[in-house]
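Okay, so chain A shows up in both of these, paired with chain B first and chain C after.
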Partner chain A sequence: MTFDWGFVGEAMPDLLTGLRYTVQATVLGYAVALVVGLLVAIVRRGAPPLVAGTVHWVMEFIRCTPLLVQLFFVFYVLPGVGIELSPLTAGVIGLGLHYAAYTAEVYRSGMEGVPRGQWEATRALSLPAHRVWLAVILPQAIRRVIPALGNYLIAMFKDTPLLFAITVPELLFEANQLGGQYFKYLETMTVVGLLFVVVSVPSAIAIRLLERRYAAV
Partner chain B sequence: MPQSDDTAPRAETEAAGAPAAAPEPAPAAGAHDGDGPLIRFERVVKRFGDNVVLRELDFNVEAGERVTLIGPSGSGKTTILRLLMTLETVNGGVIWVNGDPLSHMRKGERLVPANERHQRQVRRKIGMVFQQFNLFPNMSVRRNITEAPVHSLGVSREEADQRAEELLEMVGLGDKIDEHPTRLSGGQQQRVAIARALAMRPEILLLDEVTSALDPELVAGVLDVLREIARTTDITMLAVTHEMGFARDVSHRVLMFDEGQIVEEGPPEQIFGEPREERTRSFLHAVLESG
Partner chain C sequence: MNFFVDALPLYLNGARYTLLITVGGCALAFAIAMAVGILGSTRSAALRALASVYVEVFRGVAALVLMFWLFYAMPLLTGYRLEPVFAAILALGLNIGAYGAENVRGAIKAVPRSQYEATVALNLSWTQRMRLVVLPQAWAQMLPTFGNLVIELMKGSAVVSLIAVSDITFVAQQLRTFTGETVLAFAAALVTYFVIAQVFVALMRLAERSANRRLGRIPARPRRRAKPAGAAAKGGAA
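Let's look at the complex of A and B:
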């Protein structure tokens, strides 16, 4: 088996197009995960028990089922009830909700790390609820969990090949097509792996830097 | 809404009986000020699990009065302040502030446990300084002080800023307004916390062992600030402290607590000069020995 360097060059434009989808799905999915996870964590702490409990169990359910199943559900089952989504949209929603279940836990631990005296001070000053959250609790809670949130960004990035299964033309999808067409799996899959590394490693280093900056509160 | 409200002051059943109707001395709802004590504890019971911290406690504080609570730790002093700040809820009895029930609200003729909104209304009159300062570490000193006036009282930013400057001047930290609290010493942090509490213009200032977490050499600065406030304002003060010299200087009245009850009370000269109760004597002896 010889490695066909020439083929790599020819395949590159298609693979980079795939990578664009991969990155796009990651960034959008991560945004969904950050926002939804935060809302979930706040609801679980602040809402009446019935609402908080329901949200808790929905999130627990999401965490206990495989991402691939959830993606199929969003993409193939929802159209049955009239919700038609493009593959990328379905992928972003699936990834986002799945990871929201994890980020919610991260936010929760961050909130628990805020000393009780901080909550008591907000009470003693009669701060309205939105200021309690936005001005006092969240800034302190999020700062603590930036590294943990960052790790989920990389984990999510590495989960994007699952979107292949719902026909998002991401990196693996493109690579598989090229590989099948020319029967050049060695080259395409190697490049796929390398492209993942090229994005992941710098991201990991960036997160490490953030960690160093924010670790000491 | 019948039965469930019966839990009104969730009384120690036999204790509070059925204090459902407003007790006699409370003036008509709405109009108060003037007559009657500013703070009134009426057969207040507080339990933590099986541990009864306050048992049917009665006491009053008049407007403008400065009262010091002393006594061994675990005697319920801090709990009294925390109940007033609505950081804890009563298990029995009723707390009145300015003729309004703090722990409860009126519902027709009855008193039912207060909801969040009611508590927010009533506790706006009350400020508290904590043992651990509890400044917001993510905000500058300025914002620590202006945050609540702006967002809770609706004061304009300029006015809040100006007040913050005055208050910091008063506590001797005029030059620290744009510092971060984490860069200040414990004593400085506590003085900022005092300024923060006063920025809300409370009628009542609660001081919960405000010097206990400080290095010894920083205590005096904080106590001087409080002495100054006592001298220059007529704010009602309730202080839990182990600083007997401070208690003697500033308070009109000292309450000696033990096991959730008032063992002895009187003017500081009497409590420190000629305590009548054995428990007061032994407590003072122990404190003064160690100090």
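Let's look at the complex of A and C:
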């Protein structure tokens, strides 16, 4: 069996359509993860111990269980309680919540890096809560965790093939379908693997550059 | 309640596969991580380049894509069909091994320079240096990250349900189809995974403690901050 380059050319348009879904899911899911993760981190810092503790364990649970099962859960359970979701929406919610558990930890470490004096200063100036967070703590905390957050963007991109399991027509889904149709798994799967490397290696290099820029704060 | 009584044996059976793949994958990933990580910390530029190509490629490809490639594409290329469980172990091991290699390399680099200089002064061979001085210290450093990777691998093992290995996720899918108990089926699967993860977390914590004790480091207590940080951090009893 030889590698059929002609078929790769023919399959490319479909694969690129799949890649569009992959990128879409990554970007939307990442937006969810950034926002929810930040809220979680703030709640864990500011809320009463019982709430903060509950949130902590929920996040621990999310981090210790497979994303795939969580995706199934969102995809099959939410429609059962009357919330109709497209596969892509379910995927974005699943990805976003899973990674929120990770980004929350990143934000937390960033907040811990903000010197005590800054907190005390907000107290001394009796700033209102939203000013404490938006004007003082977050600008300092987020700046130093930008590279770590970027790493999770790449990680999330590499987890999007799981959406294949809940019928999102992303890259792997297209490849699998084309492979099955023409029995050309070798070509399609190899191209998918290469596309992933092509996207994630340059982004890893970009993250390293970011690290160099923001590390020395 | 009835659901759980009936389903428990199925989940336990599924957990056997999940554990098998996790343990197998960890063994492979560990071997790769050590080999590639040590290569990545040698002085030869060629070996280092080799290690970093491995790391970038296998970190860049998603484990699921790798598994599909091994399972669907490789038989067409070689004519040899892998067992699904073996394909999964291979894919996860290669993927997590790449992350582990970076961890090993980082930990070896973090061993203080003076330790290397001491081994040179004592005229130790490369093997002696690694075995007696560098690795025991790097080991304590790399364990926490290894712990995270074990959990990642355990979670990653869920993808084998997509190539019809009857692990926990597969069992949950089947129960959903046959009983219609969607919430229970997946909730039970999630709890099973969580319990397994907690067991691994506890085991890794034990390993960390024993590694630190062997280096003569007392398990870190927040109260002991009287000594200057530099003196306390790397005290070796040996």
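In this text, the second predicted complex is superposed on the first by the 217 of 217 C-alpha atoms of A that agree within 3 Å, B and C clash if a C-alpha of one lies under 4 Å from a C-alpha of the other, contacts with A are read in each partner's own complex, and residues count from 1 in each chain.
We take it that a contact is a pair of C-beta atoms (placed from the backbone, for glycine too) under 8 Å apart; a residue touches a chain by one contact, two chains touch by 3 or more.
Just so you know, these numbers come straight off a predicted model, no measurement behind them.
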So, after the overlay on chain A, do chain B and chain C clash or fit? They fit
May I ask you to decide whether A:Ala204 touches chain B, chain C, both, or neither, giving the answer as first, second, both or neither? second
- Touched partner set for A:Pro161, first chain B, second chain C, both or neither: second
Between chain B and chain C, the one with more contact residues on chain A is chain C
### Message
Contacts for A:Phe196 in the overlay, against chain B (first) and chain C (second): which applies, first, second, both or neither?
### Response
second
(request) Mind working out whether A:Cys64 is in touch with chain B, chain C, both or neither, as first, second, both or neither? (result) second
Identify the partner contact of A:Val136: answer first if only chain B is touched, second if only chain C is, both if each is, neither if none is.
first
Of the two partner chains, chain B (first) and chain C (second), which one does A:Arg123 touch, if any: first, second, both, or neither?
first
In the overlay, chain B and chain C get no closer at Cα level (Å) than 13
The residues of chain A that touch chain B in their complex are 115, 117-118, 120-121, 123-128, 131, 135-136, 139-140, 143, 217
Chain C residues touching chain A in their complex are 56-57, 59-62, 64-66, 68-69, 72-74, 76-77, 79, 151, 154-159, 161-162, 168-169, 172-173, 176, 182-183, 186-187, 189-190, 193-194, 197-198, 201
Residue positions on chain B within touch of chain A in the complex are 85-87, 120, 123-124, 126-128, 130, 132-139, 147-148, 151-152, 196-197, 200
Residue positions on chain A within touch of chain C in the complex are 1, 61, 63-70, 72-73, 76-77, 80, 158-162, 164-165, 172, 175-176, 179, 185-186, 188-190, 192-193, 196-197, 199-201, 204
